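These notes open a run of structures that come right after.
You will see two complexes here that share chain A, one where it goes with chain B and one where it goes with chain C.
And then the complex of A and B:
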């Protein structure tokens, strides 16, 4: 583990009754932005909750920012350096955006009112909410609420940022803004983003992890993920029944992924192509 | 009524405003004031100093206090309190016809609505994270649930300030409106502090219930449970028999008789409430923190509960029992008297104002007594309730009821207008040699058709305006009674026994008609006649018909036949 390694997990296992949510995951996270891809039920949220110290693992070892979350003082140390946006963060609708973030700031041990309020204004300004920060959260749109959730995670410039589907509910422009924000503010810290948005991963992440059925199925750069589909993505004017997946593009052509027949018009794969190919292939192999 | 209407209006406006604010506003761009990239690069995190647990709890307490004070439940509690001020401090304040101490010992019960809504409000605050789905986010923060619990406990000052303001407002309103009398002794401070302690306890209970039972009906169940348990404790023991264990209730605890005969362990009770509060706080903390500090505090509060519980519910000691027994059996040793005309008005400590009120009211009656009437009437406050309602230690030291020291007239403990009417009649009855007051359970002496009963009413009405005099010599049957009034009711000139105590005698309605006829005659004429024939007219064998003949008044007809019965308060 080098000095930039913030998260080390070995054999990480979590079970909910008969369901194996995480199946002995080995993982290291370093400074920079890592995307966590996977279909619903893959174990992404479970992994993030364990890393956020709100869920205990059943087996395996985890060290976060050099501390053991099983240990009380270690857990405290981690939480002091952690920013977390849960999948469904929840808001106190009767609070104003300022009051809510201020409340979280207190829960992050920022007791001094003056400096805390400065920090709250700073993070709300980062997400562009300073003009509406004294409005009640119930008066804000879904996108603005998401930004309130992101703002609270940025309090105190944490070393480890965990986002569980932070761009869900954001419109394209807001997603773009989020990427910009994260690109600027996440510098020097370790950020893990769980998402379904492969284009977010492609645009934002230096590294991508694909999780499927509680196991890591890919760990590498977005480019490396995309390259796994090289030679397996093609366009044609009609749907090819041999393709694993096919859909009509905006240009009216049919994009296919799978084993291409000879002579087709191969195209450069995207992260999404590769992700779909990977998850589809695994599903097929399991079905077989 | 205008004030109530105004309050309701304010409430409706507040609700509408709150509803309107729920409607969403327009979206605001991500970069309302410069793009996020620009902001992110230009603004960096300030050096944030990490606060101690105490500092964090204090900061949380400030935030939660603001939210509690502005919350719906607490506002509703404030509204209830304002209604109490309006109703009891203004509209019905004139009905407070007792000592200030008796009014203020109810301070905790006046605070109950606010206290109850505080439990609901605090519970809502504690369970907010569960309700709004922020529990997971908060769990990822370094501040522990125990510190958050302390933050909620620190909001207790909000209901305390509200209760102080409410009681101050209530006090100011009732001072100007009520008919209360007497000074306010130091021990009243204990009752007021008990109300404030209940406010603290409500906060702590709201936190404890929120931590252990975070479901929305829980605070309602808790309030009902506390009310039922407190009510049950208030009724410990046989009905009509006082038990000091009733002091363990959070309800104001005092017997049916006037508290002047009760040794109320006000300060012990306050300590008991404080211990209950401390125990509740420990229960709240134990949900998330079970270290040595909290468990030690728990142990200390258990000891405190035991000590203060025993202290507040212990039987009276020998000196206390002797004192109360002596006050009951020998009131003359504990009373100061005001001498007026031919009578003495003797009251216990704290009732001097009432003694003066009686002296002023009865002065014309005493001055108007016939020359032949007895001299030197003694009017004093007596223990006029059932002896079995006293503490057992006091009862053991008392002789039988029949052996208790009496007085010519029992003054009672209230300044209710009907009490003054009863005392007038008592003086009249005493003057003609009839019992002037009665102990509980004693049957009335039937004086139907006896002239002396009529004379007594004439004496009682001295100094009154003609219509008031006629009213004094009239029965007041309940107009809402299901059954037609009996002959007994139609002849009862004694005022409402729940206000003035049991009736000593019973007239026939024909006697009351005779008294009103006599009152209608010129006073000098009647006075001369009574003076002249005092011995005859006050003789039990002289009839009302003979009295009417003596004054040349028309007959009132045959006298109703009455049977002796108990005429006392039935609720």
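And then the complex of A and C:
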């Protein structure tokens, strides 16, 4: 394990009643941005919660920034260097954006009011909310609320950043801003982004992990993921029933994923194509 | 009308803070109206000083509104940040405390009407129980799931909230108990059941959902009292219940001690899942 490995998990398992949410996951995270792709129910949120120290694992080993979250002092050390944006923040909407981030800053041990307020203003302007920071959160749009969630995670410049669907509900301009933000603040930081947005993964992530039914199905670069679909993506003017998936593109042609018949117009696959192929293949093999 | 402008050297001295108050006043009154002099002074103003003043203003403006509970806690000796965290539980808000006081008041009135303290002794243990449940109920952490991933969130914080809730409820109940008709030692018989119920709720937090568990414990207390009344037979009322007599109090005291021990042994309160 080299010095830039921030997260090591082996055999990570979590069960909820009869459901096996995580089935013996092995993974390592290093500095840089890693994407976590997977359909709903794949276990992404469960994995993120365990890494964020808000959920205890049932079995396996986890070391976050060198400490074990099972142990009280380890948990404290990890939380001091962690930023977490859950999918449902669950904060009381009667807070103002400033008050909420300030409250979280107190929870993050920033006792001195002056420097804490400076830090709160810093993170709120990083996400572009300085104009509305004294408005109640319930008066803010969905995208702005999500940005409040992102702002609090950036308090104290953490070493480990965990995002659960950070760009859900953001418009394209805000998603671009999020990418810029990540580029600026992710230096020296280990970032894990759980998302459905394959284009965010392609644009932002040095690595991508595909999770399905609680197991890791792919772990590598976005380019390598895309290449798994080489020769399996084609365009034609009409829908071909033999394809696993097909949809009409903006240009009016039909994009297909699956086993191509002879003589079709093969195209270079995207991360999205490969992801759909991978999840579809596994779904098929389970149905068989 | 002649236009008076402050001479440049005076402006410089003003910028350095080296003029008397009267001159400063007249310069400031002038600066508010004269853009040319403002521009002239801008060059000699100490940028660090201006920055510091601006930060101070922004800080005052950004100051979150503090609730009364928070101010009281701060006055009592809690450090400002801690006061904010602890006061953030709904069971320490003025509205909640007022509601508890109202209920206690009504029960005491009813007891005075009936010349019996039975109703007070039966209902009193439920009030701290409700408050402690509110302090522990995961949905009431204002920062939600975000809060549970922070360093200061944990057993210490939630327990401190629960302790304060217990203290405030007990204080209100004590005042109420003093107003009961015919004050006697038995009027303190609500203390041990209150402790037993509250500590058991805390001891089970995370293992069982808090609010339903508190409701179940409260229900069990009332049902237990009713069963005891039936067992004692007709002619003996609630006031003579063994729960409020020495035997009952010893049993309840042991239960409270056991629950307290179970609480102290736990170390994983901060891993309780929000919404659990």
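The rule we apply is simple: the second predicted complex is superposed on the first by the 288 of 288 C-alpha atoms of A that agree within 3 Å, B and C clash if a C-alpha of one lies under 4 Å from a C-alpha of the other, contacts with A are read in each partner's own complex, and residues count from 1 in each chain.
Just so it is clear, a residue touches a chain if its C-beta (ideal position, glycine included) is under 8 Å from a C-beta of that chain, and two chains touch if they have at least 3 such contacts.
All values reported here derive from a predicted model rather than from experimental measurement.
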Legend entry - Combined model on chain A: chain C and chain B, fit or clash: clash
Legend entry - chain B versus chain C as contact partner of A:84, first or second or both or neither: both
Inset, instruction - Determine, under the contact definition given at the top, whether A:56 touches first (chain B), second (chain C), both, or neither. - result: second
Inset, instruction - Using the superposition on chain A described above, determine whether A:231 touches chain B (first), chain C (second), both, or neither. - result: neither
Inset, instruction - Tell me which of chain B and chain C touches more residues of chain A. - result: B
Inset, instruction - Could you tell me if A:130 is touching chain B, chain C, both of them or neither one (first, second, both, neither)? - result: first
Inset, instruction - Check the residue A:96 against both partner chains and state whether it touches chain B (first), chain C (second), both, or neither. - result: second
Legend entry - Touched partner set for A:173, first chain B, second chain C, both or neither: first
Inset, instruction - Report for A:139: first if it touches chain B alone, second if chain C alone, otherwise both or neither. - result: first
Inset, instruction - Kindly classify A:188 by the partners it touches after superposition: chain B alone (first), chain C alone (second), both, or neither? - result: neither
Inset, instruction - Quick one: classify A:111 as touching chain B (first), chain C (second), both or neither. - result: both
Legend entry - Location of chain B clashes with chain C - one stretch out of 146-154, 182-190, 470-478 or 560-568: 146-154
Legend entry - Shared chain A contacts, counted only where both chain B and chain C touch the same residue: 49, 52-54, 76, 79-80, 82, 84-86, 88-92, 99, 102-104, 106-111, 113, 118, 149, 152
Legend entry - Of chain B, residues touching chain A in the complex: 21-25, 27-37, 39-41, 43-52, 55-56, 58-60, 62-63, 67, 128-129, 132-143, 148
Inset, instruction - Spell out the part of chain C that touches chain A in their complex, as residue ranges. - result: 55, 58-59, 62, 64-65, 79-81, 84-85, 88, 139, 142-153, 267-268, 270-271, 273-275
Legend entry - Interface residues, chain A side, partner chain B - complex: 49, 52-54, 76, 79-80, 82, 84-86, 88-94, 99, 102-104, 106-113, 115-116, 118-119, 122, 125-132, 135-136, 138-141, 143-144, 147, 149, 152, 156-157, 173-174, 177-178, 180-181, 183-185
Legend entry - chain C-touching residues of chain A, taken from the complex the two chains share: 49, 52-56, 72, 75-76, 79-80, 82, 84-86, 88-92, 95-96, 98-100, 102-104, 106-111, 113-114, 117-118, 120-121, 133-134, 149, 152-153
